[in-house]
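Order as written gives the chain letters A, B, C, D, E and F; numbering starts at 1 within each chain.
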Amino acid sequence: MEEFVLDTGNTAWMLASSALVLLMTPGLAFFYGGMVRGKSVLNMMMMSFGAMGLIAPIWFLYGYSGAFGTDIGGIIGNPFEFFGSNNLDDATSFVSAVGLPVLVFIGFQATFAIITVALISGSVADRMKFSSWLVFAAVWVTFVYIPMAHMVWGGGLLGADGITSSIATPIDFAGGTVVHINAGVAGLVLAILLGRRKGFGKEPMRPHNLPFVMLGAALLWFGWFGFNAGSELAADGTAGRAWVNTTAAAAIAMIAWLATEKVRDGHATSLGAASGIVAGLVAITPAAAAVDTVGALAIGIIAGILCALAVGLKYKYGYDDSLDVVGVHLVGGLTGTVLIGLFAHVGDNVNGTWIPDGAMNGLFYGGGVNQLLAQIIVALFAVVFSGVLTFVIGSIIKATMGLRISQDDEVSGIDLVTHGETAYETLGTSRNFGEA
Amino acid sequence: MKLVTAVIQPHRLDDVKAALEAAGIRGMTVSEASGYGRQRGHTEVYRGAEYTVDLVPKVRVEVLVEDEAAGTVADVVVQAAQTGKIGDGKVWVVPVDDVVRVRTGEHGPGAL
Amino acid sequence: MKLVTAVIQPHRLDDVKAALEAAGIRGMTVSEASGYGRQRGHTEVYRGAEYTVDLVPKVRVEVLVEDEAAGTVADVVVQAAQTGKIGDGKVWVVPVDDVVRVRTGEHGPGAL
Amino acid sequence: MKLVTAVIQPHRLDDVKAALEAAGIRGMTVSEASGYGRQRGHTEVYRGAEYTVDLVPKVRVEVLVEDEAAGTVADVVVQAAQTGKIGDGKVWVVPVDDVVRVRTGEHGPGAL
Amino acid sequence: MEEFVLDTGNTAWMLASSALVLLMTPGLAFFYGGMVRGKSVLNMMMMSFGAMGLIAPIWFLYGYSGAFGTDIGGIIGNPFEFFGSNNLDDATSFVSAVGLPVLVFIGFQATFAIITVALISGSVADRMKFSSWLVFAAVWVTFVYIPMAHMVWGGGLLGADGITSSIATPIDFAGGTVVHINAGVAGLVLAILLGRRKGFGKEPMRPHNLPFVMLGAALLWFGWFGFNAGSELAADGTAGRAWVNTTAAAAIAMIAWLATEKVRDGHATSLGAASGIVAGLVAITPAAAAVDTVGALAIGIIAGILCALAVGLKYKYGYDDSLDVVGVHLVGGLTGTVLIGLFAHVGDNVNGTWIPDGAMNGLFYGGGVNQLLAQIIVALFAVVFSGVLTFVIGSIIKATMGLRISQDDEVSGIDLVTHGETAYETLGTSRNFGEA
Amino acid sequence: MEEFVLDTGNTAWMLASSALVLLMTPGLAFFYGGMVRGKSVLNMMMMSFGAMGLIAPIWFLYGYSGAFGTDIGGIIGNPFEFFGSNNLDDATSFVSAVGLPVLVFIGFQATFAIITVALISGSVADRMKFSSWLVFAAVWVTFVYIPMAHMVWGGGLLGADGITSSIATPIDFAGGTVVHINAGVAGLVLAILLGRRKGFGKEPMRPHNLPFVMLGAALLWFGWFGFNAGSELAADGTAGRAWVNTTAAAAIAMIAWLATEKVRDGHATSLGAASGIVAGLVAITPAAAAVDTVGALAIGIIAGILCALAVGLKYKYGYDDSLDVVGVHLVGGLTGTVLIGLFAHVGDNVNGTWIPDGAMNGLFYGGGVNQLLAQIIVALFAVVFSGVLTFVIGSIIKATMGLRISQDDEVSGIDLVTHGETAYETLGTSRNFGEA
């Protein structure tokens, strides 16, 4: 019989990482909340907080089991196996090899499910019914996120023995497909189902509080260390590699975005800096330990430029992806996932890098095209899977409870109408009025 | 000369601006205000206590015009700002003795 | 009595205050406003989309004065606020029937 | 018609609102302002440097009334806003040529 | 002679946990600061920051020794034993069994003393003299917090050999009595001694900045992982259990509070979401590792509903507990402490749970009523102890230096009058004025 | 051949510490950003974020190698040795003794380089060309920071075998010279080269958002645990000592600053509390594990008072060190560095303290004057080194691309002119305008 040997160091790092990733969702609430107009900031934040409230219990009840339980058809794990986070055994768990108590891993994974759902909310700003959002969140995590997590990390179709097994094992270190492509596609589909905000493309709809956007970007970067370096599930040199690559990519993507803006519009904006950071973080996520420092910088630069260009697409094609879930998360996620096929680099001289068995170096590092092919196949699969299922779920909600608030309410502001509040004290109750 | 002041619903400002521009008005001054009137504010509940917010957000638009244009301008604003719901606001006209353009020091109608 | 109202560039406020003080004016009321006129706002680009911000920040200064001082006060303000660039603003004068000092209830010129 | 404008201490607003309502006034427009006058602002020290803040927060209340009501309304406001301390503010009355209710397009006293 | 064997993993987790808990107090400053009107936000925050400034030195000088020094009469430890954090010996310390250097434990405990004092400040918003607050903080921590910490954790009257020893060992994993009931009662007593704010019950006194309230709630949740999972003093499966239970309870309590509001008032507010999170965190604190996932969810739901209802009591009874220290911390702390008697659950199949020797499962898990009784006794003891001593301390300060600023100053705003500042640049010095 | 033995506990703590220190730079962005007027907050924050974007890639490419590569003349390490973070070997690295993968150490050190550069930006608020700032940042880190880091930590002139080797080994636990004196002097020189802001000394230029200043101070304190306790590079009792001393000094320095203000100006301000915290953190940085609790409190009190007085000097001498980089970082850094010569205390009874070989107790603890002398020499050397090089770099940039924006642009606001944005939605696009 196996015995569980606790590694307190790895456990310490994973407890900290779990806390860090949990903080990303409020960070996102500020990143998104600062970007909307002052009349809908609370609703924007409530979509993130609501995701925390709903998804955590779902994860602890059946989500973990559905993702990491015994495989059923390559699509999903048995949701009843560890129902209620029961029937767990540290000695035989998924993470026993690194001396990690399985409950810590469950907590860590819960934070991934939460943030993925919250990411989607950026595309529905200012106009989605809050009740429909909550229903969507619960249904989507169940039928889209949990299967995707299983397929990639739980031994399903997108893992080592999955659809690309004859080509190469796909690499997704920390969630490029499960989190970013998944949320990005869902955001696009929801934005289309919802329709455009009144005034989209005509009015500026400027961010009402850019320091909040920067606060959000900072908390996201900080939390992302848990996301990427934590995905090693251990405190070792590979975690160090992920830490360094994460910082390198986020930093240079910010510079690349600013440079793109400067050339195109004449100004390097703070909104661009915040967006560039996130674009770099998104793109490096699947590649975090699979590339060397130069590879991380290359991925960061490419993602910074591509995402800076991609956020303009919505005006061209007329879908109101309000806060650029598509431009940043879908495009960034695809960029990182595919570039692994070029830049994956494990070998002598490259401290800390790691790729799974069956994966190989990228095209630029002598590994041929196989890895690139595998990455592209997985990315496309994720796009189609998430797109079709999100469309079905969104359409059913639209047909039943409806997706959107009335246009009058949208004009008055969803904070006031839906939540009965305004974010800041305004005329009539401000410092200068009433009781002085 | 006259000063036409309008207190309107905030979301009508864009239409009012467009209508004034169409009517040949080249300048105006805009500011934030709160209105108190027939339109009652919404009720808010904070942690179990209920309050009525009786001041509602409005926007004030001021336009200096020549005497003969005052009536037209007021009408243009009224038309553009009208939604027909309580709280649409007021427009009023006040006589003005003199106007000066700060940039040039010019007085009178030419300063508009 | 007259009410002299000036809409000026925000960064001229300090000089206007100083000039009025030098001219013996002991009180005024100041508020924020936005101006729309010949001076066009700047263009902003957000994530690839371009917008013109057509309302530019201004400050409104109001001074109640005796009838005979109105012209001087207007001139003092114009001189202090002038930069010669488009957007310097306007000054206008309106007749006032009565003024009361709240503290004392005093009416008329003595209330200024 | 007349426009009664009052610049008062912010913490008197509630009492002024109540007094006007008691006097049968059904509407008013309120906005933020800063006052400069005999009442000097407080002195602030930031990291060893001392500054006088000479603009103090005030609230502006505007009420459109029929000619004969102007005096009463001004008095009502003065009474409700009075604390007897320097800085209580001013009330002034300006003649108004016309008033329109935006909702209906009605002109004159009926629009109040 | 014993020898100290350092466990770097446990130490790593406790260093991180200590930092996390320290961050809770600024988090509280934002949670509270956003809730007051714009004219008193700085004072609100300064009460939390002032607590950090005063309590940390007190703790390092005599506080730790008073709480964890050799027991004197079951009430307090010898405050001179480790005066100035001297005379420490890792090998014989309270925490040597987990390989933790005792200084790390001293730092960790300091953060608990700080936040407990800061919590109280919510009930005295807008009107307490800042000098009196500082004196109160120093005196209260000395005569109320330190003894309470000793009684519960330092081997005193509320521990294994204390007043309930013949019934059951009370369970307080991370500070339900010491922190939340203690601060909640103190807040109630101070609010009564101070009297109501001018306008209480008549004017809305709306939160001036709700995003700040949400930022505060987020930082509190984040820091609470150090508070609860850190209270295990080790990086192991029990810490993982505490992590998961903390998240489960906070999440579901948010949903429960929102649901209560929606039913009662028609709106689910962001203030409610933030408050619900804190209510869940408070309630799960004593129970963090003593219940299973379902127990944690149950405690969260109950606390969310009860606290949402309890915050209305102040209007009924007329005490001005301005920011609901009573409604959230006292009621939440009592809820969690008592519910342990129903939900405590250790045994096969429940990964990571832990209760002290002499404690037993709750009523719903076959342990009988003993644990419930012990929990109720301890809770009542804490209420009386904290209530009486706070009343004495508060009354003395009231009679000597006075507790309250003048009503004129309250109307003008305590920020300006007491601190010589206003939080935001206002008319007269704003962006649009002066040097534009 | 040596073999590398991973210590997961130390690695866990250093991964967390690295994340903590990285968060300090956004923290600084808020600390500084809240202090400027509303028209230049974005530029202020962008100087910090820009430093993150530029310095991280530089560090991973040649910075680490330049600081910790093979010594060249006592001044710098070989920048090509580990170019691109390659050629690393955990077994022979600088940090192999504590079982830390060298990549983790590289990441940790990157965050120090970033924050040091960002600190300087406080003295150039509202008026420096953003392009010149970016060029300055890249050049300065290369020619000033990297050599200084090498001299103090990489085995150069200011280390054990350096210029004071015949007197005593200088003590700089976490960066008093490398970070704070260095940045403080650079800030002073840049402020003089730039000249004063329009209105300096005449207009209040009040902080536009004091809660942001407090948020910044809180994040700095939180991150500083990584900075100071992380500088031990291990999770042990010495890290615990650094944690406790850091908290003690920050806390009491806040109180000391507030008391100084109260006596001098009549008000204890929130700006003072935030500043006092930072002053205490700066001063304890070099001494973090070299003094006992009482020493830490003494250093905190002295730094709090001295810095509170020092921030007034700029008005006397007429240099516009806008946000007090000199008054807080230079004065605080010098205070801490010199006071080590009085308070250093290692020995029986003092848990966790540590000083390097060749260093000795301070004057007050029986060590004589040698340590004091060594500390003063090192401090003076750092002042001169940083001063001269910063002057040269700044002058060249001034002569070529120029340092300063036009006065018209300064009056209009650098946010709008340089970044094409305003921080908050203002009149014309606010909630109340446009689409309501």
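Of note:
The criterion applied here is as follows: contacts are C-beta pairs under 8 Å (C-beta built on N, C-alpha and C of every residue); 3 or more make two chains touch, one makes a residue touch a chain.
In UniProt terms the chains read A, E, F = Ammonium transporter; B, C, D = Nitrogen regulatory protein P-II.
All figures in this text were calculated on a predicted structure; none of them were measured in a lab.
At the interface between chain C and chain D, two copies of one sequence, fewer than half of the residue numbers in use appear on both sides, so the contact is built from largely different positions.
Across the two candidate interfaces, D-F and C-F, the one carrying more C-beta contacts is D-F. Work out the mean CA point of chain E and of chain F, and you get 33 Å between them.
Each chain gets a centre from the mean of its Cα atoms; for chain D and chain E, those two points are 46 Å apart. Across the assembly, chain A contributes 7-10, 12-13, 16, 203-204, 206-207, 209, 215, 235, 265-267, 269, 271, 411, 420-421, 426-436 as residues in contact with two or more other chains. For chain D, residues touching at least two other chains, in rising order: 11, 14, 30-34, 44-45, 53-55, 57-58, 94-95. Interface of chain B with chain E (complex): residues 44-51, 53. Of all residues in chain F, only 203, 411-412, 416, 420-421, 426-429, 433 touch chain C in the complex they form.
Chain contact summary for the complex, chain D toward chain E: residues 11, 14, 32-34, 41-42, 44-45, 53-57.
Against chain A, the residues of chain F that register as touching in their complex are 6-13, 15-16, 18-19, 22-23, 26, 29-30, 33, 41-42, 45-46, 49-50, 52-57, 60-61, 84-90, 101-104, 106-107, 110, 130, 209, 212, 215, 235, 418-425, 429-432, 434-436.
Chain B makes touch with chain C in their complex at residues 1, 3, 17, 26-32, 64, 94-103, 105, 111.
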